[in-house]
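There are two complexes below, and they share subunit A, which is joined by subunit B in the first and by subunit C in the second.
For the complex of A and B:
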């Protein structure tokens, strides 16, 4: 387990260096002045600029500059946004929780629906339900998400009027920003309209989260199906059969648990996919998350925001990867002996 | 570890929330006490004194503040507001206001007033604009565009406090539009006590960002580009406010606003599109009003060939306004015959409708000495305004019209709004598509800001046209209070415009608003910003 941990840590450090090096080099690759791109201070006076140049070792060797940049990052200083003049770190802290919330709920929906369906397909291997499920999942995987999002708004918001089309919660409710995760903030608030707000927030998240969930759900269906098929094919299942257990007993006691372990391994991978999908969805549903902000920053040529946002998002995804690796290792003793990262 | 309980454990809260949606009758929903207005943009600040943009006045003037006097009725008569009465001396040079004694300023989390409105507040509000040395003059840029355009500084020579609740304005000349100007969206009354408090804290800018006023709503929260939250002012002096919250949901995209209206996320939306769809729905209402505005084609009369009035005349014959109304405004506007809309009392029904005649245009162009036509540039404003929702399409239509009389038009549409205005002010253009929205119903608000010599020199109107005769007529009209005389002066002024064609009036747009059937109360006015004080939700 120690070697496993050290290997993951090693991987983390190297990836982090690569990421920051890329983000750092972006300020030179973007048009305009590198120091301005890095700090976001477009209206700095000559004195302020000199001070910034000193702080960022702007006139020293490139390695020193990079080191100065890293030191700023570790101090939580990502520079200020060229467009809004707010510190990037505070913008990220405000927006990232919304994206996490959307992604986690979507992941939950994808798993809660996708995995049982996948098992169902495996149990009915090569029968009609299996083929039907595969067909539908192929379809779900192929539908472009931006189109699906618009279609969902058209049907559920405009035609039926069941679900709201934009935002995280109706503006009517005033929720103080504490954790950034809306549902927690609502529960922590002392408003007399707490439960109305909670319902309203739930209604708001259903549609975007389901849209984000569709593609990963189809992948979970296939993963769960393959993994279940593998398990059902293994010798301990045959042994269990020989013991005289009924089919459903075998499924409950042995097959589900063992095949689930393999699915968990892929959750980390799916999470990256999920966050990418969430970015597109945030734009469609005006979800105030980091993806929408990042895309707006690209339109506004807000280079500091693009750098900071990319760095924050990719580190976040990376950390989730490593965490799922650990969870997988905790669930599956066999994985701990593997020397290399997944 | 068993699998089943986990699934139950995870799905249970989710399901219970869904079920929760079924029993919400016990408490009245907060949404029934709140109104969400989907607006088209973010305000520049919270003090209408410093701006002219409609977005900002819509969001602030009538909601947060009051003026000394107000308009009332269809005739737009001046009626009491913070001043319960006033007195004008015979020579028209001294105006005394008697203030109400029961007006409370907003009590908010950032400031608690200790006294009611008095003369100090009125003096502070106007001295900030008039006195260049004033502590607050330069705060937020020191520009008061509306007051500069009406030459407020040279009009008002002194404001004095007679007693606690009486203020006297001394004018340098009689001006019959003075009261009308004080009733505009821009002439709001701020709190002098708040200003004092802020200057002690040395945070002067806050006065325009965290507003304190006397209006029906008070500021709660603003997130740029996202929303504004106002709460009802429980001490409002005029009446009890029906709703608890007023929220401006800032939604710049047209389709976004429509979606939110159809999905019931907005109670009222500004400038809706797809009017037919809205009318079809039984639960929605579309309101319209002909605005006091004008979209026009302005000529740079300093530059050839438009220094020749025959050329300008020729172009006015060649433009097919009906086609523009159909294509650019989708029929939601009136053809403009002159700069004043027909609903104004200064409108002269005898003004002939502009003729559309290619033959006449060609012969006039020959007469002007351009038988082979010429090449010109036409600048199209880059933003949507009610008076011109799509300047680029309008420019293309005009270019097509002018091709028929041999004029080649290069359309210039590449600058963003502030650069565009800057270049127009410098006179880089030959012709430009612009417009004007009136701030108060006095017809002077069309004549002076659009075509008087001082405003032409500023260049914002794009014409650089200046006529001594015209200026004399409009200033004569301001010096009298006799309505018939004023009508006569304006009639003559309109004739000069018709003859000289410094600009071609194109359309008076209608302003639209869509709302849910549950919302009652008048919001739209034919001029100026919207007002939520009457609005209620059933």
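For the complex of A and C:
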């Protein structure tokens, strides 16, 4: 386990260096002046600019510049937004939790529905339910998400009027920003309308989260199906059959547990995909998350925001990767020693 | 055991022929394949066969519903948009942007990715592990985010989107090729040609490449459906094709404001994207299935 942890740590450090180097080099690649892109100080006077150049070691060697950039990052200074002149770090702290909330809820929906369906397909392998499930999952995988979101709004918000179409919570409720994850904030607040607010927030998240969940759900169906088929094919299942266990006993006691372990391994890899989908969905449902902010930043030529957002989102995804790796290693002793590096 | 075959000459289909026999055995897949070919045809010849030009406006027929509606007009089969442009012609033109460009994207990124991937499979030690980690980092950045960053560098527009998606897809091809080449390199037939004195490049070209080409094609169909969705998504977000270009994702975003009055301006482009992605996925699925069967055969 120690070697495993050290390897992950090594990977984490490497990734961090790569990501910061990428985001640092972006300030040179983006149109305009590198120092302005890096700091976001677009209206700086010559004196301020000289001060900034001093701070960021702008006139010395590129390695020193990178080091200066890193020290700024560790101080939590991502520069200020070119568009809003607010510090990027505070913007990210406000927006990232909303994206995390949306994508985690979507991940749970996708897993809770996708994995059992996948198991069902594997149990009925090459029979009609299997074929039907595969076809529907193909359909779900192929739908363009922005179109699905629009259809969902048209049906559930406009025609049926069941669910709200935009935002995280109705403006009536005033929730203080504590953790940023809205459900926690509501529970932590001492308002007397706590439960109404909680219901309202739940109603708001159902539609965007389900829209985000559709494509990953189909992938989980496939993963669960393949992993279950592999397990059902193995010799300990035959042994269990020979012991005289009934079919459902075999499925519950042996097959489901062992195939779940393999599915969990892929959760981390799915997460990047999920965040991509969440970014588009945020635009459609006006969800105040980091994806919508990043896409708006392009139109506003807010390069500092794009740099900071890229760094924040990708490190978040990478942390999730490593966490799932650890969970997988904890669940599956076989994975601890063998898996090297990648 | 006596042979059941009464004919003297037996036919030995080549691997590619075998693949084709397996592939065409499923009617559903063949249906999808013919739709795929039809889309290719449309992407190439759309400007010749559309009833109207995609930019021609008919100001007397603005927001005309599809022909099966009571207010429809049969010369505009799928209705018109807010500028009186014929939806059917725009959709047909759109095939060459959304579907046709995805072809160019996939071929370019496949060629670059396969070359880099197979060369990198020959490296070992520090270089190899560096590359591995590097790919891990790139693959952990969400594809849309990477595309957005590239679009921010290059500026918006259809050609820049194409370039961005090519760059986004390359690491996936490198990853697949690298893994496949490494797996083949461990096999005995490669050892045989190595003992014959073949150089690594020669082994790659003559021994390994014919054995992994199908895997790469399968990866390419996956990449193509991703590319179609990405072009459309970037077009929808306003980062891709300019609004006057009848790219399907852009058409959806143009129709949003009129969604409630004229839902067909949103329904049809979305259905077109859905249709082309399903068709591509089915063809890919058929290929994968045929490959698996041929291996077992």
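The rule we apply is simple: the second predicted complex is superposed on the first by the 339 of 342 C-alpha atoms of A that agree within 3 Å, B and C clash if a C-alpha of one lies under 4 Å from a C-alpha of the other, contacts with A are read in each partner's own complex, and residues count from 1 in each chain.
Here is the rule we use: a contact is a pair of C-beta atoms (placed from the backbone, for glycine too) under 8 Å apart; a residue touches a chain by one contact, two chains touch by 3 or more.
Because the structure is predicted, anything quoted here is derived from the model rather than measured.
Visitor: Overlaying on subunit A: subunit B and subunit C, fit or clash?
Guide: Because the two structures are overlaid on the shared chain, the partners are seen to fit without clashing.
Visitor: Considering only the touch criterion stated at the top, classify A:4 as touching first (subunit B), second (subunit C), both, or neither.
Guide: Touch partners of A:4: none, neither subunit B nor subunit C.
Visitor: Is A:142 contacted by the first partner subunit B, the second partner subunit C, both or neither?
Guide: second
Visitor: Is subunit A touched at more residues by subunit B or by subunit C?
Guide: It is C that touches the greater number of subunit A residues.
Visitor: A:171 contacts which: subunit B (first), subunit C (second), both, neither?
Guide: first
Visitor: Go through the superposed model and pick first if A:313 touches only subunit B, second if only subunit C, both, or neither.
Guide: A:313 sits against subunit C, while subunit B stays out of touch.
Visitor: Can A:283 be said to touch subunit B (first), subunit C (second), both, or neither?
Guide: second
Visitor: Which holds for A:158: it touches subunit B only (first), subunit C only (second), both, or neither?
Guide: both
Visitor: Which value, in Å, gives the least CA distance between subunit B and subunit C in the superposed three-chain arrangement?
Guide: 5
Visitor: Once the two structures are superposed, pull the subunit A residues common to the subunit B and subunit C interfaces.
Guide: Common interface on subunit A, subunit B vs subunit C: 158.
Visitor: For a test of understanding, state which residues of subunit A touch subunit C in their complex under the given definition.
Guide: Spelled out, the residues of subunit A in touch with subunit C are 11, 14-15, 18-19, 26, 29-31, 138-139, 141-147, 150-151, 154, 158, 272-273, 275-276, 279-280, 283, 294-295, 297-299, 303, 306, 309-310, 313-314, 317-318, 321, 341-342.
Visitor: Taking the touch rule as given, give the residues of subunit A at its contact with subunit B in the complex, in rising order.
Guide: Touch list, subunit A to subunit B: 84, 108, 112, 153, 157-158, 161, 163-167, 170-174, 192-193, 195-196, 198-199, 202-203, 252, 256-257, 260, 286, 288.
Visitor: How about subunit B: which of its residues touch subunit A in the complex?
Guide: 1, 3-4, 7, 10-11, 14, 17-18, 20-21, 24, 27, 29-31, 34, 36, 220-221, 224, 226-227, 229, 245, 247, 249, 251, 256, 259-260, 262-265
Visitor: Under the definition above, what is the set of subunit C residues touching subunit A in their complex?
Guide: Residues 129, 132-134, 136-137, 139-145, 148-149, 151-153, 155-156, 225, 229, 232-233, 236-239, 249, 252-253, 256, 259-260, 263, 266, 270, 273-274, 277-278, 281-282, 285.
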